[in-house]
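Before anything else, here is the set of structures, which you'll find just below.
Both complexes below contain subunit A, partnered by subunit B and then by subunit C.
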Partner chain A sequence: MWAFLVRRLSLTLVTLWGLTLITFLIVHIAPGDPARTAAGPQARQEQVEQIRKLYGLDQPLWVQYARYMGRLIRGDFGVSLWYKRPVSVELKTYLIPTLELAFCAAVLLICLGFPLGILSAIHRNSVLDHAVRLFALTGVSFPIFLLGLILQLVFYRALGWFPAGGRISPFVSPPQTITGFYIVDALLTGNWRALASALHHLALPAVTLAYGSAAVVSRMTRSCFLEVLGEEYIQTARAKGMPERIILLRHALRNALIPIITATALQIGSLLSGVLLVEVIFSWPGLGTYAYTSAVVLDVNAIMAITIVTALIYIGINLLADVLYAIIDPRIQYT
Partner chain B sequence: MNCKRCCTFGFAVLLLLVGFVGWGLESQPVPREETLVIATGLQPSTLDIGVCYEAASINVFLAVYERLVRYAPGSTSVEPELAESWQVSPDGKVWTFYLRQGVKFHDGTAFNAAAVKFSFDRVLELNLGPAWMFAPIEQIDVIDDYTVQFSLKHPYPEFLQVLANIFGTGIVSPTAVLEHDVGDFAQAWLSENMVGTGPYRFVEWVKGQHIILERFDEYWRGWKGREKAPKRVVIRYVLEPAVQRLLLEGGDVDIAMNISPDDWEVLKLNPHIRLIEEPSLHATYLRFNTAAGPTADRRVREAIRAALDYEAMIKNVLLGHAIQMQGSAGKGLPCHNDKLPMLKQDLDLARRLLAEAGYPYGGFTLEYMFESGHDDRRMVGELLQASLRKLGIELKIIELPWPSLWDRLCVASPEEHPAIVANGWWPDYADVINYLYPMYHSSQWPPVAFNIGFYKNPLVDQLLDQAQVETDPELRCQKLLTVQELIYADVADIPLYHLTTRVAMRDWVKGYVYSPIYTEGFYLYDMWIDR
Partner chain C sequence: MMLRKLNAYMMFFGPRKNPLGFLGAVIVIVISLTAVLAPLIAPYDPFETKPAERLRPPSKSHPFGTDELGRDIFTRTLFGARVSLYAALVIISISFVFGSLLGVASALAGGWIDNVFMRFTDAFLAFPYLTFAMLISAVLGPSLQNAMIAISITWWPWYARLARAQVLAVKNELYIEAARAIGVGRLRFLLRYLLPNAFSPLIVQATLDVGYAILLASSLSFIGLGAQPPTPEWGRMVASGRLYLLTAWWVPLFPGLAIFFTVLGFNLIGDAVRDFVDPRTRQR
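Right after this comes the complex of A and B.
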């Protein structure tokens, strides 16, 4: 197992290096002058040149890349051409809200997708099964943008239960920063008002983000469960008079989990791509908004940093899934 | 087992309790009625008044910083702000400003002539963003505590207009800057903080969410008789226009800056919402490549100008949210040439001109480029495409993101430029020369600046050069009027429209006055809430 982990981590480093190279080339070869964009449309040529020199954009591409990698190894993402601040500072500001939202959506996805899939499989062709099918159908067919707007119309405009956007009410001071995660910080500092506001603001975007993925996971869980329930060892267990609950949880669930975990890991990864739209609809100050602005203004260092961090998260989730396989199914051995 | 069930049940109840108690806590009364909430789309990249050059910063800069002079509410005339009066030397090269006394910065320090010199020196030293407007400044001298003198390299007739513009002109507290200077002129600190003398002081910027401003009790104009002025101003960043509308209708924001044309029509039916729509000074043009390809021929350019259906453009493409331009400079500004004809579609004239140019049946293809995100420019392109097809000309519409578009345009060779570029222009200050010089003087050809059509007329160059240093307002105006006539006759481009600025607000917001030049800004000191 450890050998596997070391090998996977080494491969991750190679993947990341390849990623930096490709992204660096794309960003620099793509049409557009980062210095001109950073200087602004009305900037004079000398101002553009000043920025080009300041950020080392006047150097040959390979020199720029070597310098970038040198800084990256030391954990320095460079300075944002657009915001004129260290990218790491900006990244932390925008990444944490995204992680908070994605984490809550992932929890919702698991809490909704698994049980609904299992219930649907157990009560196959019942009203409950049809209801879950409808849930899944709407989940996969509703565009995330539309779903967000509908939820806002219903739960903000019509019922007034939840706010339409933002991470915390502008009338509530954010909790004192310890981790940057509002919910954690509010809990740690006992700031109940901030906690309430943060949870309140999190509800609709998290549901919007999780809905489609939960639908996929519920269908996947259902089909895997049904497959396992038809296996002979389940029939044997039933014939022996084993309680149904134990059959389901101890025998069926564990055997059905491998493909479900794969699907869930992929869905959690895909939350990161869905988060962009959700952030726009719910004015969530996250990585999506930051990525969009950086791409539009060709903020080279910011684009690189966002790509690397997103890739790291994606790789991390998949690695976790691989490790989970081995824990769940002792037959799987990594060498 | 029972124990497990109890635990599960207990946990569920706890969650519900947290939710409901939390909801209750959040809905505790807050001073909402004393707060003005403004929803807008984009946040600025930096709050540094010496560096920032984006429309997104206007709302906060206008509230927190003050300038020596400003544009009077609702007009383009300049009035005193931190300067009480001023004098200009006969040669127009020395400007002396007599400053207001008893003004305090938000950090408690006193405003004086040294602060003015410090602020402008900082902008010139940094040489970023808006610095180009101050390039004619040679030296700034502090005559006494409340008198400051600007010596210019050459006469600069629009200097007062430049000083009234929002970018780079706000006076910042030198004490605050020096306290946070780490060899960068406090750029890092000022990018997230503001210390000015304005009616509202900066409280916090939660990135991507909001900026909060608070009434500055020691503001020099005083607050007597203005008890209803908002104590707090929250600028909320809401990217999605549909959500801005929802928040406005729900009463969670008082002013929404980005209402879509469709929602605008719906909001007209809401009696509690006031809609204000005014033409802006933003101008949209179709810039011709006057140096290469078929559009190098003036007759072809004139034919294309005659082919466009201007009435349909305003009515159908822009749904009435724009006014047609008259000539190449901002309509309504002093020295705008009101005698130039309003453009109309005339396909017969277009055919005749094309025949004269040797293209009786068209037979060529032109490239039309515009920046992504500007749907109006795409639709104008489609409108022109339909008209030109009748003349046998094909129009190839190309949409590019801004960096890519500029990459195409910042090339010195006209042969590599598209035939037509749809682009917009925001003036920094209310002077027609701010349109004419950058876009039509031949010194501004790519890759240097904005004369992206390679237009050149020696007489236009000469008149613009003279207008730049002409201190007699009437003579200067005459030259600028002639320049506009020449540009029209040369068909350097097609001036299209001034988009309107749309501001939607709850009926309890009072005192709002639209500013044609600080378009996105608010004279918050004159505003109040009457619920």
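Right after this comes the complex of A and C.
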């Protein structure tokens, strides 16, 4: 187990290095002059040269790369070309709301995807099964931004049940900052008004974000479960008169779990892509909104930092899934 | 021969055998025809602005209403089919060619070259696709062409991995060994024996991916990094219509639904093709 972890972690380090190299090369080899972009279209040639010198863009590529890696290791993503503030400061304020939203969506995804998949496998070809299939089909085909807009139209404009966007009502003061997560902080300080408002604001974006992924997971859970239910050891368990509940939960679920976990980890990772679009629609003050405003002004430093941070989280999720395999399935020996 | 082909086709998409696959085929055919015939069937000019008729709700003369510049949304949605299908085709072609070349080369070379190529591929897969595509298109500058390049750069590793796995699997088949044993020339061996047998799952994957390519391209356009105005692109139309959601819901809704139905059509076909190729999933 430990040997596996060490091996897996060292592979992760190689991936991380590859990732920073790729982002660096994309930004520095692409056609276009970053100094010119930073200086703005009206800048004179001397100003451009000044900026080139200031940012070290006149150095050979490998010197630039060494400097860039040196800064990255210290958590320094450079200065935002647009706001002229360090990108790492911005990242800190925007990261937590995104994590809060993505975490809620991940919980929803698991709570919806697993049970729906298992139920439709057990009651194959029932009305429920067909409904889940429809849910899965529309889920993978629906553009996430359209879903967000439709939910806003129905639940905000027509019914008025949920707010259209934001993290908390403007009439409720946010909870005292301890972790930065509104839900956790509100719980810790016993601020129930803030908690209610935060959950109320989370509902629509979290559902929008989770919908497509929950659809994929439910479908995957269903087919893995069906495959396992056809195995001989399930028939054996049935033949010796085991209660159906134990057969399903202990024998079937545990054996079906590995591919389901892979799919779930991939889907939770893909939430990090979807969250960009969902945040823009629900004016959620997170990385997505930051990425959007940076994309509009082509602030490459900011987008590069966002890419690296989300990739880090993504790699972390996949690492976690791999560790989970080793815990769930004792047959897996990573040597 | 013709009849046999038709029979095979009906098994794929016949309305009784596979109603959903049939529905998908119908949707995709309609959308493709729309894309080809848009200039002939569209009632208006997609670019002509009429400020006097801005934000009109759906009516007989404008079935999908008009947008903030008084352009006919129905016409623009029809033309949008061209942009989306074209983008998806280009994205899939670039990533398919590049990815499978690298994958095949990697599998055939083996050893350390294979190892380096695959680690390189893995590093690309470590990015969440949308942020990565955003970074590339922001660096290259916002345009539909650059968005297509950006998405292709995030996409090819999937084909590279699949192509490599396929070649490795086929390499050990008996008929491949037989071909080798009778001394078939290197190039002929590659083109006649190895690749045709290795590539059918790749082609299935490519058809499955068309829907996702459309979704991703329209997402980039929605953020403003893809097609630029006044191009009638669905994602872009939803983005600019979003501002009028509460007063003129039809502006973002119809182009958005066009994306949904197109992607749904391709996904339904993809499911049918997968069931056909892999009979194990058919009963489920």
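Quick note on the criterion: the second predicted complex is superposed on the first by the 297 of 335 C-alpha atoms of A that agree within 3 Å, B and C clash if a C-alpha of one lies under 4 Å from a C-alpha of the other, contacts with A are read in each partner's own complex, and residues count from 1 in each chain.
Assume contacts are C-beta pairs under 8 Å (C-beta built on N, C-alpha and C of every residue); 3 or more make two chains touch, one makes a residue touch a chain.
Everything quoted here is computed from the prediction, not taken from an experiment.
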{"item": "Which of subunit B and subunit C A:157 touches, first, second, both or neither", "value": "both"}
{"item": "First (subunit B), second (subunit C), both or neither touched by A:296", "value": "both"}
{"item": "Touching partner for A:140 - first (subunit B), second (subunit C), both, neither", "value": "second"}
{"item": "First (subunit B), second (subunit C), both or neither touched by A:149", "value": "both"}
{"item": "First (subunit B), second (subunit C), both or neither touched by A:14", "value": "second"}
{"item": "Partner chain in contact with A:192 - subunit B first, subunit C second, else both or neither", "value": "first"}
{"item": "Doubly contacted subunit A residues - partners subunit C and subunit B", "value": "30-32, 149, 152-153, 157, 280-281, 296, 298"}
{"item": "Complex interface listing, subunit A residues touching subunit C", "value": "14-16, 18-19, 21-23, 26-27, 30-32, 124, 137-138, 140-146, 149-150, 152-153, 157, 222-223, 226, 269-270, 272-274, 276-277, 280-281, 291-292, 294-296, 298-300, 303-304, 306-307, 310-311, 314-315"}
{"item": "Residues of subunit B touching subunit A in the complex", "value": "18-19, 21-26, 28, 30-32, 35, 37, 45-46, 48, 51, 53-54, 127-129, 131-132, 187-188, 191, 206-210, 212, 234, 236-240, 242-243, 246-247, 249-250, 252, 400-404, 406-408, 410, 428, 438, 447-450"}
{"item": "Footprint of subunit A on subunit C - complex, ascending", "value": "20, 119-120, 122-124, 126-132, 134-136, 138-142, 211, 215, 218-219, 222-225, 235, 238-239, 242, 245-246, 249, 252-253, 256-257, 259-260, 263-264, 267-268, 281, 284"}
{"item": "Subunit A to subunit B touching residues, read off their complex", "value": "30-34, 36-37, 39-47, 50-51, 82-85, 90, 93-94, 97, 149, 152-153, 156-157, 160, 163-172, 174, 192-193, 195-197, 199-200, 280-286, 289-290, 296-298"}
